[in-house]
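Here is the structure we will look at.
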């Protein structure tokens, strides 16, 4: 399958008063046209920064220090700012968490969608307005005329997220980055939003990168999953495999932490905290929390190795067990 | 870590050093000043910058450097005592209003509103004019105009804190109201208070200076920077530039230092204003 | 014609009141040779000639109202372009001549023929009487001066003999009478105009006269915008030739530094006013290209008042000690920069009878300490020294005094008070030490001593000096016509006062003006208020 | 609650504040030492003359009566009389308010024109040299005593360079004031197309407005910087970037528009600073406004003007703050439509 987006060795650092923080450390993964890729990890694991880096939206004091982001064949990191703008919103768009704050409070929601048509499609004001209403209807907003004239604070959270999705999909992008799109929404609304995303993704043929800390959501909608820990990618697999046979100790811990209704077992918290990303030690960043830690883990960073078809993992312990072949 | 952020920034480090320098000069004035600040010298009136008088002399032949150093005492004392009084009074009233609520709150807040209805300097001007311009009255005037800042701040924090779970928790654990206020809530208010007080120090120095200019400041022969600048301003035209330049610089540097420090403290201590990382 | 003039007056009065409204276009030009632009820092508080006023009021009245007679000025030797009033020299103004009767106990004034008010009505002896009647009966200066100084207590003593002849009958001849007649307070005003604005509660139209001018003078007030400027225009068809300056603009400039800058940039012609410029700044303008400094000795006294109702200033030794501690040798160059004369007597040095060789005092700290020891007072003595805000020389002198007084056992705290506070505290007798100033409009020893030293002059005797012997001498000398005795007594009084160290003797100010070099014809009279009639541009 | 209700409640809050203000302003004057009657009477006055003047001025009445007279006088528009100009204070005010208003507005304009761009630049280029310089400028403006800056500016631009006009009020001596419409010379001159007066008025306004504007701009700069920083990091700005909106449009459209709303709240504070600054700056430039009037009155202990000035400023301040609140309500749809 052709890769729509191919991220290779992407690294993002933040310069702080205390020193350099490696928020994203040599992350590589691919996104295929039309698929939904989940990115999971605890907060602070670099998921969001990763997404922002794809769009080159990391703001100082953060900066992209290396790697490639190939999208439809061209490396986004080498484009001019002007060329990049033509990518953002038009070919790759993004849905943010907390939809209420992601909408401009002093512009009507209609205006916020319409201006994208004007900007990226060169639509006239009138035309843009018509397409906005269409878009609002498509994301399932009743009374689009009235809603278009309203401000973010007048809409419910779910409705705001629908508006955000409308904005993101307005210009039929090839790739949609959705950063925790259901945070703060109650469960039934969240389900509706996810359904809508999946549905629209399918209909427009856009690939979706779904960033979340909720494995339940992943199980629900994703085709494949990448697991991030402390700025590093630790495991990539299709969704079935990941839940059935997680290889990385961290992934295993995550999977175990999913509350199960069918099993009356208390959820197991992952021991330890996300390690500081401030000048981290050279080895595996999970070493301090890992039940299967080896000496080598603290010295050397494990490489991402193919463990099975559609299944890659970065772990010395797994490698030692010989279950993997060099990719 | 906070300390590092404070000193890490070169500008705020400079500000901190400046303040320490002024404080040291004020504390050690009698030992570091090269001359008696009140010693007149008919032979050396209005002499320019020289080795003997590094910042020149005034119309009475008094050494300006020594006067500036001694003046630092007055300025810092006025600013510090005004700020301390305002802070104590304002915080107490704010805590009272915030905790008791009801008519106490209403009454206090209306009084605070009435004071706040005056621009601070105008009220300070009115009060000094009414009470007469002694150092104590100056302190009182500035303190009164600053009280509302702290009252409002503390009351706001209190109202917010009252709602938070941990005040609730403290109450359920059985702490008595006063204990709740002191042990749990006030520490929460301390960072914004420090920020406000630092900024207020600078403002107080400036208020004294401006009051001096319109003739309501510190009484001579006690020297005070604002009054020295105001007096020195008259000498610009006759060429005795050192009389206006140095006291003006002293005020500017000190106020600047307090403001910069206040700004940095705000960034560091006051989470609401802290830049998102 | 009469209607025209009358309505004209109303318009100009209205314009003066509206002033700021800018309704009336102002023809004014800084470049205009015939316009004099002056900076000062006073407003007109009232234009009622009889009332007590700020300098702004006095100067405006002095230029907009004629008095019956006026002090005559003479050119000064060696100072071309300047003129001074001289003792016992007067000239006719609204009255063209005067004569004495009953050995001078009656003064007869001949009102100038053909002189008319702006209304067109002639100036008559009745008008003159009306003005004196008003002065004597409405609150203000004249009600105070006439009875006590020249024994004029009743309006009956003002007498109209015919259309143009007016007489003032005193109880006895008085050498100060002519000077008192020359005061600007005796402005001649149009009785009909004044009466037209009188009301039941205000029979002398004090309210109206506060804001309006009802007389005739070389200038008329065309603009009064408090805090901005006062505009005076030359009176058309004035009885004298029209003044050179068609327009005088008095700009309100509150900040002395600004006044100096304005002079340096030649943006104004002159700075006036009592504090106008501090000696320091005058000095710095001396020799400045395009400017000249005019300074003449004057009668304004500056002294250290010592409250004799309070210990330790009730002790003559202490007062003498203080006089020995005054660092006059530092004050003269460092505070006054030479624009003053050392005070050696309670009398001004220009006043007849002044004796300059009676004072033993000089700066001598040893002697002062000795006297303090003799006075047997417990030191250190905490004491407050009050000065008025804005009196730069007083503030500076206070600092010098403080230092010296501390050497002889005082602990001095300098207290700055505004004019109002200063006066109030002074009158209540709550000052301990204060720096006072006084200028006698009438240049006469007994006028001066009566106000400053007599026990009964509670408001002006700032030291609360009380000496029955001196009181008696003052009472006897006030009406004394024999010049020898009058001046001889003055010497006796001075001896008493100097021995008693009644004041800390400081200095007499010089009357100093800084102006552009082309301005001449500046005149100083006894009351120190400028009249611009004689001024011109060279 | 609709905006109407908000308006009403806000207006009602003004009443007790104004009552408190009159009490304070009366108390201040009552406490003023120095008997104004004595000043009025002059050096030679006898006690009975002083008493007569005291009676005329009502100074012999008990305090509550004096307060009542004061408040009822206020309601009639009677602000008393100035003893130094001999005119009703109201008349003096009418003459001087336009001058102060003109200076205040011009300074506000300077402050906004300087402060907002500085704040924006500072935020956009955070921690750059420009940021440091602009923060220093902002804080420096506040830190310098304005009489000091004022005199230095005068010295340089008037005395040394001769490009600024002399500190002699609002117009050159040879310029006729424009026909009075608003009393603000610049506006009146512009409205009546009086070019000469316009140029002269602007010329005279230049240095005072610069001095004052510079002195008060710091809170503005600081506020703009802080809100801009916050907003530039906000989700909707990120969303705008992500949507490919041009940089200029994001910074100056999305972000600045939102940043200016909280700036409205600083306007109240700035107005307070401006009124305070007026007092000093008007003295330096002989600007015939209220501040100047008040200081003159302070020196002569003229109670009418002081009382009225303090009161007037407070009342203005109350209403400016009210206007700021309402404006804020109008500018921010979140409040407007609540």
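Think of it as A, B, C and D in the order they're written, each chain with its own count starting at 1.
One rule holds for everything that comes next: a residue touches a chain if its C-beta (ideal position, glycine included) is under 8 Å from a C-beta of that chain, and two chains touch if they have at least 3 such contacts.
For clarity, every value in this text was computed on a predicted model and none was experimentally measured.
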| item | value |
| --- | --- |
| Contact-richer chain pair [C-D vs A-D] | C-D |
| Chain closest to the middle, measuring from C-alpha centroids that were averaged per chain | D |
| Most widely separated chain from subunit D, with each centre as the mean of CA atoms | A |
| Computed distance of Cα centres, subunit D from subunit A, in Å | 52 |
| Centroid distance [mean C-alpha coordinates] between subunit D and subunit C, Å | 39 |
| Approximate Å spacing (C-alpha centroids) for the pair subunit B, subunit D | 23 |
| Touching two or more other chains - residues of subunit C | 257, 261, 264, 389-390, 418, 421 |
| Contacts with two or more other chains, residues of subunit A listed in rising order | 61 |
| For subunit D, residues that touch 2 or more chains besides their own | 33, 126, 151, 155, 159, 233, 283, 295, 298-299 |
| Parts of subunit C lying in touch with subunit D, wherever the complex brings them together | 19-23, 25-26, 28-32, 37, 39, 43-47, 51-54, 57, 139, 141, 144-145, 210-211, 225-229, 249, 251-255, 257-258, 261-262, 264-265, 267-268, 389-390, 417-424, 427, 451, 458-460 |
| Residues of subunit D touching subunit A in the complex | 126-127, 232-236, 238-247, 254, 257-258, 261, 332-334, 337 |
| Residue ranges of subunit D in contact with subunit B within the complex | 13, 16-21, 23-25, 27-29, 31-33, 126, 132, 135-136, 139-140, 142-148, 151-152, 155, 159, 218, 222, 226, 229-230, 233, 271-273, 275-276, 279-280, 283, 294-295, 298-299, 306, 309-310, 313-314, 317-318 |
| Partner subunit C, residues of subunit D touching it in the complex | 33-36, 38-47, 49, 52-53, 82-87, 92, 94-96, 151, 154-155, 158-159, 162, 166-169, 172-174, 176-180, 283-286, 288, 292-293, 295-296, 298-301 |
| Partner subunit D, residues of subunit B touching it in the complex | 11, 110-111, 113-115, 117-123, 125-127, 129-132, 202, 206, 209-210, 213-216, 226, 229-230, 233, 236-237, 244, 248, 251-253, 255-256, 259-260, 263, 273, 275-276 |
